[in-house]
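What follows is a set of structures to go through.
After this come two complexes, each holding chain A, first together with chain B and then together with chain C.
Our next item is the complex of A and B:
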C-alpha cells in the first residue's frame, strides 16, 4: 500500500467521525440512538480498567481459535488433496455443515464446553477451520494439469507434487481464507460471549445494554473494532509479503 | 554408443472411439536433431506425452530408449508448450526445479546452474521472478530447466510458438549453438516449416489424424547455419517438397 492510499483512508475516517460528532450535536440526538464520538472515547478511557481485561480475553479467544482453526483447516485440506476418493465422500458433507449459520451452534457450544474461554475458542476454531479448509482445498486441487504433468515428467511423486507445486500454488487461496477468517473469528467470539461468559467484550456489550449504558456499549464496540482492524491489517500485510507474485 | 537413441515401433493411441495416433515407427540416432511437423490434432503432443512417460501407448506398440524398454517417466527431458515457470520461484530456482525433485546435492547443482545461466543469456537475471521477464527470456529459462534435467533425449513441444518472428529466429540460432555445445538428442515439435528445416538433421512430417509418419526427410544443409540459409536455393527446394506434403495433410484435416 502506498502512502497516498493510507492518507486518503485516514482523511476519510476523520471526515466521517467529524460528521458524526457534528450531527449528534446539531440534531441533539439522544444517547440511546447515537452518542457522540467524543463521549465514546471519554467513556472508553475512563473505563479502561474494565475494558482492557475484557479486550484481552476477547483477543485471546479469537486468536487461539483462529490459530487452531487455520492449522486444522490447512492440514485437513492437504490430507484430502492427497486422497481423492475420501474427498469425494467428505466434501459434500463439509459444505452442508458449513452452510448452517454459526450462531445456531453457539448455545450448544456453551452447554458442552461451559461459559469460559474454551467454548469461544472451539466455536472460532470451527468456523475458521471450515473457511480455511474450503479455500485451501480449492487452491490445492485447482492446479494447472500441465504443471502437474511437467513435475511428474521430472519424476515427482504425490508428496513432492503437494509440497513443491500444490501448496505454493494454493497459497493465494489459503491467504484469502485466512484474511476472511479474521473478521469471522471476531464476530463469532463476540456473539458467543454475548450468549454466555464471565469476561470479554461481547459480554461487556450485553451487560451494558441490560444496564441501559449506551456509552459503554459503544466503547466496547470501539475497542472490538480496533482489535478487528488490527487483526485484519496484520494478516493482510503478511499475505502481501508471502503471496508476492499475485 | 548404440546406433539408436530412441526406437519407436508400432506405437498407436486411441482415446475412446477416436484414433489419435496410428502405428508410428521412428528411429532416432544419438545426438540427432529431429523436428516433427504436422497439422493440428495429428497426435504430435500425444506422442510426446508417451515419450515423456505421462501416457501409455496402446498394446502392441513399443518404445525403446537406449535399446531398453520400461517406464519412461523421469528418463527424458520434456518441455511443454507453455513455459510453466512457477511464479514464486526466481529464475535460478525455476531452472533448478528438476534437480531438486531428483534430490541432487544443492550446492553442486546451483554452481552448475549459475554457469549455465551465462550460456542461456540469463546472467544478472538469476534472482528475477518470471513475471519480470520478457517472453523470450521466460522461454530460455524453461529451456534451461529442461537442460538442467540431464537426460540425453530432449522433447521440446513448440518452444518458440508464442514468440514474435524476430525473437523466434534469434532463439533458433541460439538453440543450435546450445545444442552443438551440450550435444543432446532433440525432438522438436513445430508448426513452422522454415523452423523445422533450419534446425533439423531430419524433418518428420506427420499425417492428419490418425497420426502416422508421412515423410521422413534428411536435411543435409551444412552447419553452422545462419539466417542467410533461409533464402538459399537448396533451402527453398526442400521447403517446397515439405510444403506439398504438409499442405496435403492440412487439407485432409480441414475437410475431415
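Our next item is the complex of A and C:
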C-alpha cells in the first residue's frame, strides 16, 4: 500500500466524520435519527464509569471464547486431516449446521448455561471453532499432491507429513480463519449478551434501546467497535509476522 | 438435490439415535419426533414465521447484492472514490454490525424495512469486496484486446469484467445468505411479534425447549431456501463453470 492510498483513506474518514457532524448541526437532526460524533464521544466519556466494566466483561467473554475455539478448531481439523473417511461423512454435516445463523441457537445457550459469562464463552468458542476448523481443514487438505508423494518416497509417515508439510502449508488459511473470527467473536458476544446477561456492552445496548436512550446506544457501539478494531488489528499484525512469506 | 438432502437426513438420524441411545434429558435435546409433531400441530404458526422472516431476509439480501455489485462497478470506474471510501467500508465491517440493529429498528420502526435494512447492510460488503477482487483478477491483455476492437468502457464492463467476476460474486452471495438471515432474526428481537426471531425469544423466555428447537429448524429452512435460490441462480448464470 503506498502513501497516496493511505492519505486518501484518511481524507475519506475525515470527510465522513466532518460531514456527519456538519449535517447533524446544519439540519438540526433530532438525536433519535443521528446524534453528532461529538455528542457520542461526550456521552462515552461521561458514562465511562458504567461503560468500562461492561467493556471489560465483553472483552473477557470474547477473548476466552476465541482462545478455546481457536485451539479446538485447529485440533479438530488436524484430526480430520489424518482421517479421510471420517472427513467425508462429517464435513457435509458440519457445513449444514454451520449454515444456520448463530442468532438461531443463541437462545438455546442461554437456557442451558444461564445468563452469566459461561453461555457467551461457549457460544463464541462454538462459532470461532467452526470458522477456524473450516479454514484450517481447507488449508490442510489442499496441499500439492506432488509434495506429498515426494515426502512419502523418503519414508515420511502421516504424522510426519502433517507436521512438516501440511501444517506450514495450511498456516495462511488458518491465519485467515483466525482473522475473520475476531470480528465474529465480538458479534456473537454482543448478540448473546443482548438476549440476557448481567453485564456487558450487548446488554448495555439492549437496555438503552428499551429506555430509548439513543446516545447511550451509540456510545456503547463506539466502545464495542474500538475493542473490535483493536482485536482485529492485533491479530492481523501477528498474522503478518507469522505468515511472513505471504 | 439428493446430495444436499443426505447430510441433513444423516444429521436427523444421528440426533434421534443420540436421544434414544444416550437417554438425553429432553431439556437439552428433545426427540426430533416430538419437535416434528409440535411443528405439525401448529403448522400455520410456523409457516407464518417462515414466510415473514424469509421476506425480510430475501428483500435485504437482494438489495445488498445489487448495491454491492453496483458499488464495485462504480469503484472500478472511479479509483479515487474507491481509495476514499473502501477503508471506511472495511473499518465499518470490523464494527459489530449487529449492534446497529437496535438503531435501525429505531429508525424504521417494527417494519419489514427495518429487518431488510439490517440484512442489506450485512450483505452488500462481502459482495462489493468479492466483485472488486473478481474484476481485479481479469487479465489486462483481454481488456486491451477488447479496447483494440473499439469497445467502450461500458462494453468492456458488460462483456468482460462483469461475467469474469460472476463466480466470485456468487461465492460472496452464498456467504451472505446466512448473514442476511442472521440480520433479519436479530432485527426481530427488538419488539417484533411475528417471524423466527420473535418465536425464538418467546420460546426462550417461556423455557419451551421443544418450540425453541422447532424455531431453530424453521431458521434453518429459511437459510436453506435462500441458499437454494442462490445455487439455482448460479447454475443458470455461471453455466460455463461446469467445465471447470
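Criterion: the second predicted complex is superposed on the first by the 235 of 246 C-alpha atoms of A that agree within 3 Å, B and C clash if a C-alpha of one lies under 4 Å from a C-alpha of the other, contacts with A are read in each partner's own complex, and residues count from 1 in each chain.
By definition in this document, a residue touches a chain if its C-beta (ideal position, glycine included) is under 8 Å from a C-beta of that chain, and two chains touch if they have at least 3 such contacts.
None of these values were measured; they are calculated from a predicted model.
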Partner chain(s) touched by A:245 [first = chain B, second = chain C, both, neither]: first
Which superposed partner A:23 touches (first chain B, second chain C, both, neither): neither
Chain B versus chain C as contact partner of A:160, first or second or both or neither: first
Partner chain(s) touched by A:149 [first = chain B, second = chain C, both, neither]: first
First (chain B), second (chain C), both or neither touched by A:105: second
Partner chain(s) touched by A:221 [first = chain B, second = chain C, both, neither]: second
Contacts of A:168 with chain B and chain C, given as first, second, both or neither: first
Partner contacting more residues of chain A (chain B vs chain C): C
Common interface positions of chain A, toward chain B and toward chain C: none
Parts of chain A lying in touch with chain C, wherever the complex brings them together: 4-5, 8-9, 11-13, 15-16, 32-33, 89, 92-93, 95-97, 99-105, 107-108, 110-112, 182-183, 186-187, 190-191, 194-195, 201-202, 205-206, 208-209, 212, 214, 217-218, 220-221, 224-225, 228-229, 232
Chain A - residues contacting chain B, complex: 144, 146-147, 149-156, 160, 164-165, 168-169, 171, 244-245
Partner chain A, residues of chain C touching it in the complex: 6-8, 10-11, 14, 28, 80, 83-88, 91, 93-100, 102-103, 105-107, 177-179, 181-182, 185-186, 189-190, 196-197, 200-201, 203-204, 207, 209, 212-213, 215-216, 219-220, 223-224, 227
Residues of chain B defined as touching chain A within the complex: 49, 52-54, 73-74, 76, 78, 80, 82, 84, 86-88, 97-98, 100-102, 129, 131, 149
